[in-house]
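In the part that follows, the structures are each spelled out as structure tokens.
Each of the two complexes below includes chain A, the first together with chain B, the second together with chain C.
Then we have the complex of A and B:
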């Protein structure tokens, strides 16, 4: 197997490097744990994403060429290689939600946030994107807010949720 | 090898048990179409062109990956297959830049050929919106709108060269093959060897064109435009004009260059002889004074970039000599300029190379002096052919001619530089005479010739047993480097060429279809053209080159002199790509 090139990630980004070491340590340094490790590192990274430096650190520590780590990171929707907002709103694109007019939810959120789906607000607070069905069909139309499922959405509820998020962001 | 008995389209045949259905079919003249398959490099079943029906199986199978089984019955040309192939082709074309007329691979493209063979007709889906071309690097250009995601480039880089610069990123409609992180090839740990270009079935990967730069210089009356041609070019240029693989077109090549408007036509082989003098002297010096051994050649810029990026701890082993291309460039802008009373700033120096990495090499900071760049523009063999065609020259009908004086004079030792083992053999011929203190007659060192990945030899001269090794392809180079690290490499001298087969298989050589690659041993045929020229020349040892001797007498002094070091030697550094 090809040995990865050594980068200067360890000396330039020691905190990140240690985060990766922890993530690897938790599940074991084996090639088939790559996805789990990437998801773990993502969840403890500011910006809720996997940066190039994170990929280089993973590559070095796991002995997997950076090019292959990049292939895996870009392939899965659950892993983002671009920074995401403080609040990640994922609108379900499944059949149930669609036939239950998730389009109204999309329109409401776009109006409320001032951005089109698939983007991040300029203040970096909200990222709004589609996501594949996550099985909340009984409460469709549904969305996930930082992983938490919110269903039976109405315009009222949406306004309320966004308001709460904005308050929380201000108090941080 | 045990045999298996199978039926293909009703024909019963016996094939080796480890064959694939594709190999079995091709052995009886059924050339099942393929786009992603490349023997020995890529076998993934990605393009879906090689589909066949297997009696008893419901779905169609990719014959390139399917092993034969005793009693298997294969159908390769039912209506179902023909329709399936056409449908898959339509899907490929829906994501493909259909502007063939402006494409550099027009009439030489595997996708085009296959469309013709399949008999595509009717309305074809057209691509909406192109992703931008990446032409940031000095050597390789990537056009995602022409990529059919066959993956051959990834495979050759990872499995043949042992590097692996390219990733298949994203998914679905967004899938793209590119260096990790969207880097340019220069930011990536790419060595510019261009093997990826040589396997690309379309024009998704091509060389960075310098044709316009050269036309402009040729049309500028103020400039004195000179050209040097590498040995490997003459062994392959004819292929671009329909000549058989392995035809040497030396004379026609020189004439065509003159007709394109170059003021002087020289030959890189002159500088190859010069390189041997400098490098041979450096080697003998290291042997005598306990310098760093084994010494490793430095004429392959892909190899230099490889060791600078991947094995910088071993840089001290590399010879400080510039490559022949760069030595020639240096000499032309100093000695040649002086000889002819020319202003070096008005000399535009062009080289024609089988190589894409040479474009990068010529642009390096250290490859310049007070006279500007040693070499101002580098054309690949393919680019020269395009210029010849653009100038409407009937290549085969030209009158062969010779080079201009002095800087086109060379010995047989120089010509074989284009083949793996050639630099080593040339060096041995000179070093052996020096050590022995006499003219050795037997100078065909067969042990360093041929296409084996790593070759070894030892020569007993002047009381010394000189041990040498030759590697081609960076994967093989790595094996020797690891031996050096382990302290097990007791060689004096090592030749490394980044491209498998040596320069005759450089990233700038004419494109050979996979079908032809299976029929002909291309590298061997091209190399044979060079060894043949060597065998027929009167002078076959670099130190016998009278023009090189004159260069030292009149200008450089002696090999390794202060002036020689200033003009003909260089230095290396570690490169941190990530």
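Then we have the complex of A and C:
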């Protein structure tokens, strides 16, 4: 794998740099793999996000200007440039879910988590946000928990799911 | 009593989607084998005979598109499949990818045979990030098709070469727009390109590119193999069947295949089992988030190109969202306005700023502070967005607002002082 002769980013953040090198090595250093690489780096980063340093490392290793990496990283919803919780809860705000009273789901989740939608709990376990329709309208109202679809949500179901997440977080 | 059809969805739940042998045993790749013995023009004639129109939403004639592709000979071309199904309320492509992945591949290979490059074809299936769980299935399908010689070098002795890959989206509705999809496939931010040049001339990696929706590709092998059954369905002007996604307040939400000409009422009450609540139906939205909102009085409209055009509505992606009397149009507007504001790519002013204003006005309506001047502003913004946006997102987005204002004038006016 070809890399720059001398890199400030590598000196300062060797661990992160190697992670990015791995991700690029897996799929190959081609411009059309940029989105896949950013998603991959994000998935192995603590906080489930792309930091400024990660963007710089991607830029150096792939030879793409940093502002272009930044442009792509900020354009797509699936790539976050802010740290997120251990569990990412994305509530659908689509039309079907609205018709099926996703507002009740939102209220229950807010009560259960103790935060408003669009924020992260202070212990860093949960991030709760809206997301556009992800095509699970047949089981609406629905949400994604770390990418996994959970549908036909009711208050009991939400309580159960959050409870399980809390347990899992404690055991880690 | 109206029943769903089973032509495009023939293999659903009957053929193992992870096994190419099962697909072949069910008659799979026979369409491709037959196509390989025909001239490209003959295949286009078959598509033209059924008047197959693009199923992503724009409803452009597939035969015309493929004829254009045939007229642009090039050694290397791009073959794209749009599986970035972002239209709220639509999930029919999810079903096709999940339950009939080989059908999509077969359709793409036939597409490459007709309108592809003579030396090499870069085929890409762009699947949205939200369907990550389908990426592996599709990669597995591609691998099996390669092993059987339906992909790769010199397919079925025709000299056709295809290199097929799955590309993941990363959550952007605008990437469903054809040129934005290509930008995203190339690893850039998914903003639409200016046209012309058309994708037929300059597309993926600046190569001439053929791009179709998942459903369009899925139908092609069926038509090439034997189109008599498909053609026995539908109306005089809309031949065949359509995959639709029904959701909202119905008992059996899901993906169904219906013959063109089935009325909205039959879909809601027969196929989807009627409303899930005891309240009467208030409105339906046809064709996704940018489709029209229709009141109960329009339920007897047939779902066909000519039937819906008559009342100024498009078939679109084939989504039908049903709402009962408990749903308020304001909540619905709220969902739509925030969705579009979030998803506008920001390239052109009418869409970027228009959406910002739409959200502002909807927020005013919610707080009860909207005035009649705001209503005027809303109408004017919608008109300008429709007329002067850069791509289909901004151009079609005003449809639900305009139709709702038309059909539910009293309720909407009630939100403005």
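Basically, the second predicted complex is superposed on the first by the 165 of 172 C-alpha atoms of A that agree within 3 Å, B and C clash if a C-alpha of one lies under 4 Å from a C-alpha of the other, contacts with A are read in each partner's own complex, and residues count from 1 in each chain.
Please note the rule applied: contacts are C-beta pairs under 8 Å (C-beta built on N, C-alpha and C of every residue); 3 or more make two chains touch, one makes a residue touch a chain.
Everything quoted here is computed from the prediction, not taken from an experiment.
Undergrad: Name the contact category of A:7: first (chain B only), second (chain C only), both, or neither.
TA: first
Undergrad: Does chain B (first) or chain C (second) touch A:145, or do both, or does neither?
TA: A:145: touches no partner chain.
Undergrad: Have a look at where A:117 lands relative to chain B and chain C in the superposition and call it first, second, both or neither.
TA: In the superposition, A:117 touches no partner, neither chain B nor chain C.
Undergrad: Which partner reaches more residues of chain A, chain B or chain C?
TA: Between chain B and chain C, the winner on chain A residue contacts is C.
Undergrad: Considering only touches as defined above, state whether A:103 meets chain B (first), chain C (second), both or neither.
TA: second
Undergrad: Tell me the contact category for A:71 with respect to chain B and chain C: first, second, both or neither.
TA: Both: A:71 reaches chain B and chain C.
Undergrad: Taking the superposition on A as described, I'd like to know which of chain B and chain C A:169 touches: first, second, both or neither.
TA: After superposing on A, A:169 lies clear of both chain B and chain C.
Undergrad: Determine, under the contact definition given at the top, whether A:135 touches first (chain B), second (chain C), both, or neither.
TA: Only chain C is touched by A:135; chain B is not.
Undergrad: Give one of first, second, both or neither to describe whether A:39 is in contact with chain B, with chain C, with both, or with none.
TA: A:39 contacts chain C only, not chain B.
Undergrad: Which residues of chain A are in contact with chain B in one complex and with chain C in the other?
TA: 68, 71, 75
Undergrad: Which part of chain C faces chain A closely enough to touch in the complex?
TA: Listed in rising order, the residues of chain C that touch chain A are 85-91, 94, 128-132, 167-173, 184-190, 245, 247-249, 253-255, 285, 289, 319, 321-324, 327, 331-332, 334-336, 338-339, 342-343, 345.
Undergrad: In the complex formed with chain A, which residues of chain B make contact?
TA: Residues of chain B touching chain A: 158, 162-171, 179-181, 189, 309-310, 576-578.
Undergrad: Which chain A residues qualify as touching chain B in the complex?
TA: For this pair, the touching residues of chain A are 2, 5-9, 52, 55-56, 65-71, 74-75.
Undergrad: Of all residues in chain A, which touch chain C in the complex?
TA: Per the touch definition, chain A meets chain C at residues 30-36, 38-39, 68, 71-72, 75-79, 93-100, 103, 130-140, 144, 147.
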